[in-house]
Amino acid sequence: MSWNSFGRVFRFTTWGESHGPALGVVVDGCPPGIALSEGDIQPFLDARRPGTSRFTTQRREADEVRILSGTFEGRTTGTPISLMIENTDQRSKDYSDIAKAYRPGHADYAYDAKYGLRDYRGGGRSSARETAARVAAGAVARLIVPEVTITGWVEAIGTHAIDYDRFDGSAIGDNPFFCPDPQAAREWEGVIDETRKAGSSLGATVVVEATGVPAGWGAPVYAKLDAELASAMMGINAVKGVEIGDGFDAARLSGEANADPMRPGVAGEGPDFAANHAGGIAGGISTGQPVRTRIAFKPTSSILTPVDSVTRTGEAAQVRTKGRHDPCVGIRGVPVAEAMMALVLADQKLLHRAQCGRDEA
Amino acid sequence: MSWNSFGRVFRFTTWGESHGPALGVVVDGCPPGIALSEGDIQPFLDARRPGTSRFTTQRREADEVRILSGTFEGRTTGTPISLMIENTDQRSKDYSDIAKAYRPGHADYAYDAKYGLRDYRGGGRSSARETAARVAAGAVARLIVPEVTITGWVEAIGTHAIDYDRFDGSAIGDNPFFCPDPQAAREWEGVIDETRKAGSSLGATVVVEATGVPAGWGAPVYAKLDAELASAMMGINAVKGVEIGDGFDAARLSGEANADPMRPGVAGEGPDFAANHAGGIAGGISTGQPVRTRIAFKPTSSILTPVDSVTRTGEAAQVRTKGRHDPCVGIRGVPVAEAMMALVLADQKLLHRAQCGRDEA
Amino acid sequence: MSWNSFGRVFRFTTWGESHGPALGVVVDGCPPGIALSEGDIQPFLDARRPGTSRFTTQRREADEVRILSGTFEGRTTGTPISLMIENTDQRSKDYSDIAKAYRPGHADYAYDAKYGLRDYRGGGRSSARETAARVAAGAVARLIVPEVTITGWVEAIGTHAIDYDRFDGSAIGDNPFFCPDPQAAREWEGVIDETRKAGSSLGATVVVEATGVPAGWGAPVYAKLDAELASAMMGINAVKGVEIGDGFDAARLSGEANADPMRPGVAGEGPDFAANHAGGIAGGISTGQPVRTRIAFKPTSSILTPVDSVTRTGEAAQVRTKGRHDPCVGIRGVPVAEAMMALVLADQKLLHRAQCGRDEA
Amino acid sequence: MSWNSFGRVFRFTTWGESHGPALGVVVDGCPPGIALSEGDIQPFLDARRPGTSRFTTQRREADEVRILSGTFEGRTTGTPISLMIENTDQRSKDYSDIAKAYRPGHADYAYDAKYGLRDYRGGGRSSARETAARVAAGAVARLIVPEVTITGWVEAIGTHAIDYDRFDGSAIGDNPFFCPDPQAAREWEGVIDETRKAGSSLGATVVVEATGVPAGWGAPVYAKLDAELASAMMGINAVKGVEIGDGFDAARLSGEANADPMRPGVAGEGPDFAANHAGGIAGGISTGQPVRTRIAFKPTSSILTPVDSVTRTGEAAQVRTKGRHDPCVGIRGVPVAEAMMALVLADQKLLHRAQCGRDEA
């Protein structure tokens, strides 16, 4: 089923294909009276934008966002906010081969199996280009949770991980890899250059952390904050794993080693926690600690090495993907994952307010 | 926000607390005409039931399910199926301490922060006892996807992993650990005995695999099959990580190493795949390969070792959790994770049928 | 599709058939900390209860409600509230004929056409007995909107209407017809007696009014307060028409005659309105005036006069419905319509709080 | 709460204000492989378009629709279909007065009460201009239910009703009033001319009928076909009443007079019905008879006669609405109501297919 909406009361719906005239998102449920202009959204799109360094795809898109509805005199009105980004650099010719044979690892075969036809130009709806719409929506979501600071970074590219002893949050914006370890960032330049030249690709691990989330957001069952985050993150193109807090490491621990002891905190501010194995979530509800998720991006399936495949009519074929691709999609995944964190938190904040607001007796 | 429903067209809503009179689930959207009696559900509840071996909690519950609506003369009618399980062994006295001080790692503090009050008896709604309702719903879901076979197993308890060279699917039901490696199962007896005697606990890793899923179930964005599974699995109590296919391992690979080549298959049955790094899902849609997810359970936070905590009024306290607990919640998590797999697949099957059924032109 | 849930953030799901062991409702999203016991719900069920006078069906049901979850020490916890009512007087034998031939005007044929089978005992899920579950949920909803007073009454039975010049709200509870006109109530005794003796039935018109609804509840499009009410009211068994404010009368008026002029009101309390043709709703949002809806109940289709019909196998048949039935279902529809008003308003209040709460900048 | 989506599996989300740059709709869940181009949508927009006769508003809009996503090589792909219509004739100056004083009967006051601010240009989001987006979505919906024929007409303008003895369906398109009675159409010319010259307005009654709906679409409770239609129709701007079948007339009848007898029909095609008091719906499910709804439009509140009102700051004011307005909004409501009928039926068809498709055992 096509299901292009996300969120429960703060909801957004995206549309658009890689090579259509435009893509966009309708953001519904935004509170009224919030100052909002294109200038609040554009910087986040710029961070995700392709073609800004030699380490990402060479497709060049201005990714200029236009607000088509939902604001008046520079403020949100509470009605749906329609955001549109025109596609300018589609180069459909690069993709003509895809029409015939399925690219292994891509959605080509699955789409055909489901729908019986597909827009093969650049992957159509399955292209990560759709994530630009999420980043735009995420910029709106951030304005709903001004108390929260969201920071994402690449933790590893392939087997090349950062050293947390050198972690410097302020360095993240200083390199094209969202890398908090300047030494690793320098190493990654060579790694990515080599990968790109070889027509290969690499996976990556990304961390997103949200500080300032108050205790109490989330839900006991099925809209648990961690379940919502898992859905949001796993829904990002190429993501194959999601952890909250210590994630799979916790499975190897004893209860004592995994404990997050509490101590009396400043009056009126909740307890101090001596550790955060849980990633800021207990029983599906935020604890007031930083909310932390770690996600795995697979290497992009578009590589120059021929891979066995089949044609639409079932004959054997070999597929080499030329075109313009990210050697490591995880890098540009950082602003997308940050946006999804913002979108989930904004929704949960409004849901919490609905049920537990202070206006009941 | 309280959000106790899951699913889009095949939906279920659970209710009940650990120490209330009963718990249950309303299953809505089930196709009509399916043979259904308590006997179709009870075996799955029995597999999850506490008190059946010395390796799980000693709480003894019959977990007898009753169908209260939605069937007539032994068949589903298409109307909501209400399933109820009475609680019989609550022993509220065991939990009196929890009223005063928050159990670290449990939802106690987060619930209080959110709701301002909580049912502290056995964790109330945050108790894993709620998962009995999911297992009951999952048994109904299985009847909607008879073409699918779902198998779950424990892959590791703490640092004690199975050896896949000894993998024997038929052995899973022969031991109290859902362990497919008989030698590991014997080892785990000692591991769990020791852990239980020490009043400690251990994490676990669980794998669930579904074979027989046809290509085409899922959705491009936001209701992606992998995103739905991530939400379903992360929503299980104590789960902190979810992987699809190779998961975090894929993040360390190159595109060549992660490729799933295709070759011409039997006519009319889709291609043969030479590998399944993707876990049977591409672009959010099933490929016809086995759908495979791997999940991490943290060690239960209920341990005898005192852990620093605070009281409801903010004073320092130390908490030792006596009561009756699973030394390793991951074990009884297997039937729960299987149920969630069934519930997601049933929903996706009906959604696929809605959009891509054969009755349109 | 079976779709037994209603509401967006304050949601309820009902289950149960006329002749099953029980029926019930799960209420999700209720704010925490609200005092709630069976005593808050039972009076509303008693008002709807069958068998209390000779003017309604002679089926005798205690309709005793039990709270199975969601409260602790007499207060709501924010988790789902499960309410159950056992069926005690089913008399299945009365309904054996229905198995063979479709009762005209009932859902029998439509259910069979949809599902291929049906629980024919007392209409199964299509029985108005299901509305007991809504009344129970509505009693919870009322506690969420204590600022609102909801009053429903029967305006006409068949062609026998009340005279609004004799309207006396305090008389509504003094007769078995929810009639605000004591003289009409006396007349109706004879009307209903005669109808019942003749084995006939009559339609009715019901009005429900909510005072105390503040300005601002509702939504511009698709969850408009009037659209939600229309769905809620039309979804009641036997309802065939819904009006807001002047309804169809407004279609016959000029703009001048239909105007609701405003004048300056008490400071801080919104304008005074000189009329309320709009029924308290403009643009889908409440205006602060009384919210008023008027609904039409058809005569129950169960009559003693034989009506042409067909059997399940397509042969001609004649159907006389004996059994126990309401000569005028609109009467017992009053507490149901009141409950639906409460449920819609509670949902809209929480939705309004979510989007327009005071905790944003 | 802002809630700009409608539908359960076939869903659409509209956006845009009267005087913004554009308005549009995202249609999600459309089956793949359906031939779709702008030419399938434009005729329905043309039927609703303002400025085409002297009997409707003089605002001139081309209402040219553009498909921005969701099709490939002239067919739907199963992904979201984004439709956009640019606003070209906004004339904001006409609306400057509205900024100060609330127009009685309009949503001005309610919006301000809810959101604390509003886009006052032409009513912003509350303008019936939004319905262009629904008409566009409805054109897509019609392609999903090709077996259904939907016909709407104006039954009365003010007190001037058609004579059903002169009913001629083929005449509906021959006059600017969607009037099936040529003699009434001629009379209405004078009625509307006079109303327009007097700066007054009139209400209207509209009927929409769908033939070809098979038995079995709908749901027992809460997504009843009639409840969905009631929500869809009441959500149209200026609608104050909705009837299914005989509606309020049924409330005045006895069970005998309201009966819809059935007789054996053509083999395999369901029974013949001797009457259709029920409007083609029983128990919330279609019966195979024509589905018929009747709706009441209030007179537009924009009139030249001054009406008492208040300013945003609470002072007394008098409001005369100049600008360009429909003297009778019900006329252009016909294509909107038809569109909503199509949208509800398409959704219900897909829902029915999901639950009751033939691919289960």
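List of remarks:
As written, the chain order gives the labels A, B, C and D, with residue 1 at the start of each chain.
Rule of thumb we're sticking to: a contact is a pair of C-beta atoms (placed from the backbone, for glycine too) under 8 Å apart; a residue touches a chain by one contact, two chains touch by 3 or more.
Because the structure is predicted, anything quoted here is derived from the model rather than measured.
Note on connectivity: the fewest chain-to-chain touch steps from subunit B to subunit D number 1. Each of C-D and B-C has its own count of C-beta contacts, and the greater count is at C-D. For this pair, subunit C with subunit D, the centres built from the Cα atoms lie 26 Å apart. Inter-chain spacing, taken between the CA centroids of subunit A and subunit C, is 45 Å.
Measuring from the averaged C-alpha position of subunit B to that of subunit C gives a distance of 38 Å.
In subunit C, the positions touching at least two other chains are 1-5, 8-9, 14, 29-30, 32-33, 78-79, 114-116, 125, 220, 351, 354-356. Per the touch definition, subunit B reaches subunit A in the complex via residues 1-6, 8, 14, 102, 104-107, 109-111, 113-116, 125-126, 130, 156, 158-159, 195, 200-205, 214-224, 226-235, 237, 239-248, 250-265, 267, 270-271, 274, 277-279, 281-288, 296-303, 305, 307-310, 314-316, 330, 348, 351-352, 354-356. Note for the complex: subunit C touches subunit A at residues 8-9, 29-34, 78-79, 144, 146, 220, 350-351, 353-357, 359-361. Contact residues of subunit B toward subunit C in the complex are 1-5, 9, 11, 13-17, 20-24, 26, 28-30, 32-33, 68-70, 72, 75, 77-82, 114-119, 121, 124-125.
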